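You will see chain A twice below: alongside chain B first, and alongside chain C after that.
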Partner chain A sequence: MKNESGEIQPGGWICANCGVPLELLPADAIYMGSSFQVDLPRCPACGVTFIPQELAEGKMLEVEKLLEDK
Partner chain B sequence: MHVDGRDFARLMRESRLDEARAVLERSMPLAGLCAFLCQGECMPYCRRAEVDAGVNLPMLERACALHSRPGKVMPLPASGKSALLAGSGLSSLCLAFELGKKGYKVKIVHTGEAGLALAAGALDLLPQGALAEALERLMALRVSFERVDDFSPGLCAALRRENKAIYLGLDDPALNLSAFGVENPGDTLTLETDIPGLFVGGAGLSFIRAAAAGKRAAGSITRFMQGVSPSSARAGEDVYPTKLFTDLSKVLPVPPVEAADPKAPALVEAAAEAVRCIQCSCLACVEKCAWMAHYGAYPKRYAREIYNTLAMKIGHRRANAQINSCTLCGLCAAVCPNGADMGRFCAEARKEMVSSRHMPASAHEFALEDMEYSNSPEVAFYRPQPGHERCRAAFFPGCRLPASLPEQTAKLYAFLCRNLEGGVGFFFRCCSMPARWSGRPLLTASSAAGVREAWEEAGRPELILACPACSLFFSAELAEIPIKSLWETLAALPLPDTARALDRVLALHDPCTARDRPALAEAARSLALRLRQNTEELPLSRGFTRCCGYGGLSILAGPQVGAEIARSRLGDTDKDLLCWCVMCRESLRSAGMRALHFLDLLFPGEEDAAARPAPGISARQDGALAFRRAMLQNFWNEEDEAADMEPIVFHMDGEVAEKLEARRILRSDVEKVLLHARGKGAQFRDPQSGRVLSCLRPKQVTFWVEYSENADGSFTIHNAYCHRMRVPGTPGEGLPTAVILEGFDPQGGRV
Partner chain C sequence: MKTRPAATAPGVLRPIPERQSLCPVCLKTLPAELVRRKDSVFLLRNCPEHGEFSGLIWKGEPDFDAWTRPRDTPPRLPAATTSARGCPNDCGPCPEHRQRACTVLFEITRRCNLNCPVCFASSGGARANDPDAEDIGQRLHRIRSLAGEVVLQFSGGEPTLHPDLPELIRRARALFPAVQLNTNGVLLGQDADLARILVDSGLSWVFLQFDGTQDDIYVKLRGRPLLDVKLEAIRRCREAGLPVVLVPTLAAGVNDKDLGNLLRLGLALSPTVRGLHLQPMTLSGRNLPGRENPDLYLTLPETLQAICAQSEGLVRPEHAFAPCCEHERCSFHFRYRKTPSGRLLPLRGTEDECCSPRFAPDACCSSAGEGGRAEGGSYADPAGADGARRAVEAVRRAWERGETTGVSDAFDAFIAKARSEIFSITCMAFQDCRNVELERLRGCCVFVYAHPDRLIPFCAYNMTSLDGTPLHRTA
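Our next item is the complex of A and B:
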C-alpha cells in the first residue's frame, strides 16, 4: 500500500460518510507522551483518518516498541 | 592481589600472551617483577587441588612475563599531590608505581642501591634486567630516588615535617618504626598509624603480600589526600573465600607440568599447564532455565544489566523485555548453591518499573484486561450450594479451569457437594495473581480486596482451590482467608465412580507455583496412586520443576522467550504429561506436547484428551461466559439476563481466526467494532469489493475490522488488525477504563 516514493496509499478505500476518495494529508500520531506528524490517507471533507494494516504492523509497531523502552 | 587467574589461564592456554599480560597488569603492579616473585600462594586454594594439584600460576606468570610486551602505562596528568616513601622494598616500589600512575609526585628515600632492598633472596629469583626495567618504568612515571646513609631520627623528623603523606616500607630492613616516632604497627586493612598521614606496611610478608600492601597503601594515601574515609567499602581488597560453586564431579586428574627451567618456563610448558585450569564456573541455573540460556550470559551479568536499565534516566531501556519475560518461577534459586533468585530480582524490577512509570504499557495490559474480564459482574459470581444458605466451604476453581474443562469442572463441583459436609458454595472469579505478577502492588491490593469482599459476602467459607497459582496468591496476599488445596481435599475423599486410569505411563508435571509446598505434589502423587495410574517422575520435578512458561506472565509479555521456556519440557520425556495445574496443561499443549489434566482422568470426556487443543484466548473468554450460564442454569435454575441481548452474528474462516488469535484480537473486540459501526455507520468502504472497514478504540488499543455484510444481516470478517498509537482523527476513540493504569495516564502516556 505504498507507492514508489514510499508514501502510504489508501488502496481502494473511500470515506463511507462523504463518498469521496482519501487524500494524503498531515495527521498527528501520539504515544507515550511523544507526538509526530505524518502524512496519512484522510478524507478531505470530514478529516477521518485511515491506518493501513501495513503501517499498523510495521513502522507504527516499531515506533511503539521504541517509545515503550525509552 | 586479585589477579583474574581464570581469565589469565584461559588466555595463556590460547597463547594470547599480550592479552594475558594485560590481565596480569590490571591487578598486579610492576608485573614484570612480581611475576617472578610470586610463590603461588593461591595454589592450595585452587579447586583443582581437590582433584590433584592446583594450577601452577607462577609458572604461567613467568612464561608470560618473559614472552610478552609490557603494556603502555598512561599516567594521569600531574595532580600536584605528592608522597614520600621510605625504604625501597617491593611494597614501596609497587606503591610508587600505583601513585605515579595517578599523577602523584613520588620520592623514594632509601639506603644502598635503589631496589636492592629486595635482596633477601629476591634477586636470585629475577631474570637479568628485570629490576632495572622496573626501575625504568618507575622513573618514566616521574618517581625520584634519593639515597641516604641511614634513617637517623633527625632525618625522619625532617621527612615528617616536610611531607603530608609518608609510607614506611618495612620490607626494607634499613627501616624501623621508632625512628619515625611510631609506636604501633599500622592497621592491617588501611595501613594507617596513630599519626595522620603516616602509613606502614610490608613487615614480615611474602613478596606478593608485600606487593599487595603497596597497592593497598596507594588506596589509603589517595583517600587520605582526598579527605575520604580510609576504611569504608574496602573489604573486597582483602583475601576472602570465593562464593562461586564449581562442580568437580566431572573433572579428571591431569598431572601437573614440570618446567625444565623453573625460572624460565617454555611457552609450550605454560600452555600445557594452563590447560589444566578447569575454568571454574557455575552454570547450574543456566543449564536448566531457558530464560537464562536465551539471553546468552549468566545471572551476575543479568543483574547488572537490569540494574543499569532501572537506573537509567534517559535512553534505551535494554533489559525491559528480559525483566518481563522471566517466569518468576524460582527454579534458579532452587538449583543455585547460593540460592540466588533472579525471579525475585525481576519481580522487584517490575515494581520499580511500574513505580517509576517505565513499565511498557503493552507488556501486561492484555493479561490485566483478561483479569478484569474474569472479575467483571458479567462473569464472576458466587452461589451457595443449592439448598444451603451458608456454606462451610466454597469451591474456587480459578479463572482458567472452567473455561478449559467446563463439563469436568461442573462434575467436580457436584462431586464435592455430594461428598463434603456443611455445603459447598461455588466461587467463580480470578484470584488476582496477574496483578501481582505484573509488578503492580496497588492494583494487586485493590483486586485482592475485591476477592475479600466477595468472600465476606459469601459468609467467609473455607476456599477449596484447584489452581496452585491461586494457592500461592491467597497465602501471600489474602492470608486471613482459610484455604485448602483441591488436591489435598480429594485425598480425603473416595474416588469418583467415573475415574479411570489410562493404560500407559504418564509423566507427572508439577507446577512451579507449588515449588515450595511439597504437600501439594504429594497429594497429586497419592491421587495418581489411588487411580492406579502408572506415572514417571520427570528429571526436574517437585521443588525443582520447570515452569510451563505462563508463570510471571512470561509468555504474554515475551511470547518468544515464553514459548522457548515451554518447549524446554519437550526434551524431558516422550510420554504424555499429566498436569494438575490447568495453565501448565494449556501452555505445554500449545508448545506441542501431549498433555492431560487430572480431571481428564477423574471425569473422562473425549477419547484422546491429551490431544485436545488448548483453547485460544477468545475461546477461553467465551468459554468462561458460557460456563457461567450453564452453571447458573443447571445448578441454580437461573436464566442469565445477558443472554437476551440481540447478538451480532459474524463468521470468519479458520485462517482469519488464527491471525486474530496471534494478534490477540478477541472475538469480543471484533463484536465491539461491529456494534459501534451498526450504531454510527462504517467509516470506509471499497466500492469495488463492496467491503467495509471500521475501527474503534475501546481502551488502549485501536482495532480495525474489514468485513462485509451478508443478506441475512450477519457479517463475514475478512481481516482485523490493531495498533496502540493514537491518531486523533481516527474515528471511534472511546474512553479508557481505569484497570491497568497504575503507572500510566488514561492516554497511555506517562503521568
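Our next item is the complex of A and C:
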C-alpha cells in the first residue's frame, strides 16, 4: 500500500457502496482535540476512508500513544 | 531521632498487619504497621534494642486510600541470590523480589567534581581508578543478561569524569533501548564539545541535577553557586539536540518554594527541556546540618500539592497518575502537551474519558475485572502484568528526542510535532531509614548494578542508618 517514498497508495481497492476505485484524497484526522490533514485512500463518490492495517497498527497507534500516554 | 507527632493519640485507624521496615539505627528488619492520623500516615516499628520509631510516609491529598491500588503479580526478575538473611539483605534480586526492572543505574565512577553537602552517594574526592571501557563493557552485557531491555543510566560520582564515557555510551546503546546520563552538568556547561560528542555516541537524554532558579539554593545544597553553568549546559544541549530533564533534589525550606519557578523555566526551555523530575531529599549518605529534622523532608503528596499550588493553574492534582511499574507510594507523574500559547493539556484527555487519571470505577482499562480493586477505589492506570516494559516505553516517549528525519507524510509530521510538545512532571520519592517499607523495596523496578552481578533496588543500595552506616553500598 506504499510507494517507494513511503506514501500510502489506494492500491486496487473499490468502494463496496459505490463501486468506484478509491483515490488518494485529503482526509481530516481528528483525535482527542488534535487534528491534521493527511492523504488517504478514499471513495471519490461517498467519501468513505480506508485505513490500511499497517497505518492503523503503525503511525496511528503511535499518535494514540503520544496523545494518550498509553 | 526526632519524629513528626506520634500517631498514638485517638484517631489512629486500622493498623495494617504483616508489614516490615527497618530500625533506623541498626537497620535490623522489624515488623511494622501503618497508622493513620487525620490526613497523615505513619510507619511505626519497635526495635528491641533502640526503641520505637515513627516515620511519616504520607501527608495530605491525594488521600492515601484513593491512591492505593491493587497489585497484580508482575513477571519477576530471575533471582540472582538465595534468601539467607531475609529482605533487604540478600539483594539481588533475591527470590522475594516481586518486580522486573525498568531501569538500571551503573555507577561508572565514584569521583566527582563537586563535593555537595547533600549527596546520597557520598561521592567526591579522590577515589580509586575507574573501571576501564573493556571492564564496563563486559558488565553492560551482564546487566543486559540480568535485567533485559531496560533504560541504562550512567551515574556516579560524576559520570562525565570517566574518560571513556562516549565509548561506554556507544556500547550501551547497542544493548539497551535508551541510555540516560545522570550528571551535575558542570562539564557539559564548561566543555563546548561534550554535548555533541555524547549525542553522536548515542546518548538518549540527560538527567541534569538542577535544584532551583536561585544561586542561594545551590550554595546550600551543592556548596557553591552553579546556576550559570547549568544554564550554559542546557544551552549546549540545545545546540547539540540533546534532551534534558531537570532534576531538583527538594529540601523543605530550601527550594520547595521554587518549584513554580522551576516549572516556568523548564517550559520556557522546552522542547530541549523535556520535563521536571522531582526528587524529595532523603536521609541517606551526606546530608544537611540537622539532617534528622523531619521538617526537611517532603512526602509524595506534599510534593504533588506543592507543584500544583505554584503552577498558577497549569498543573492540577486531578491530572496526576500513580505509576504503572513501581509501587504507587514511590512516584507520581503528569504528562502534558504544551500548546503554543503556553497552556498545558493533560495527556489521556479529560475527566469524562475512560482512561481518566481520576478514580473511575468502571473505567475501560481498570483491572477490577481481573484482580479486584482496593476498597474505596483507586486511581486508574492499574499495575499491569508488564508495567516495567510500559514504563520504559513511556519514558522514551516523554524524554527522547523526536526523529526529525524521515518525515514522509502528515502522520510523521504530526508525531514529530507532538513529541516536541510533550512536557512531563515526574516525582520519585526515594525511601530512607526513616520511612522504608520492605513491601516497596520488593516491588522496586529501579536497580543499581553492583559488581559482581547483583541488581540491588535503588533505595536498598543507598540505604544508610542514622549514623551513615550503609546497608549495601561499599566505601
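As a convention for this text, the second predicted complex is superposed on the first by the 69 of 70 C-alpha atoms of A that agree within 3 Å, B and C clash if a C-alpha of one lies under 4 Å from a C-alpha of the other, contacts with A are read in each partner's own complex, and residues count from 1 in each chain.
By definition in this document, a contact is a pair of C-beta atoms (placed from the backbone, for glycine too) under 8 Å apart; a residue touches a chain by one contact, two chains touch by 3 or more.
Not measured: the values here are computed from a predicted model.
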{"item": "First, second, both or neither for A:Gln37, with chain B first and chain C second", "value": "second"}
{"item": "Which of chain B and chain C A:Ala29 touches, first, second, both or neither", "value": "both"}
{"item": "Chain B versus chain C as contact partner of A:Ala45, first or second or both or neither", "value": "neither"}
{"item": "Winner by number of chain A residues touched, once chain B and chain C are compared", "value": "B"}
{"item": "A:Glu68 touches, of chain B and chain C: first, second, both or neither?", "value": "both"}
{"item": "Touched partner set for A:Ala16, first chain B, second chain C, both or neither", "value": "first"}
{"item": "Chain B and chain C contact sites that coincide on chain A, given as residue numbers", "value": "29, 32-33, 60, 63, 65-66, 68-70"}
{"item": "Residues of chain C that touch chain A when the two form their complex", "value": "321, 335, 337, 345, 347-349, 355, 393-394, 397-398, 408-415, 418-419, 422"}
{"item": "Contacting residues of chain A [partner chain C, same complex]", "value": "5-8, 29, 32-34, 36-39, 55, 59-60, 62-63, 65-70"}
{"item": "Contacting residues of chain B [partner chain A, same complex]", "value": "314-318, 320-321, 360-363, 681-689, 692-693, 695, 702, 704, 719, 721-731, 747-750"}
{"item": "Chain B partner contacts - residues on chain A that touch it in the complex", "value": "11-17, 22, 27-33, 40, 42, 47-51, 53, 56-57, 60-61, 63-66, 68-70"}
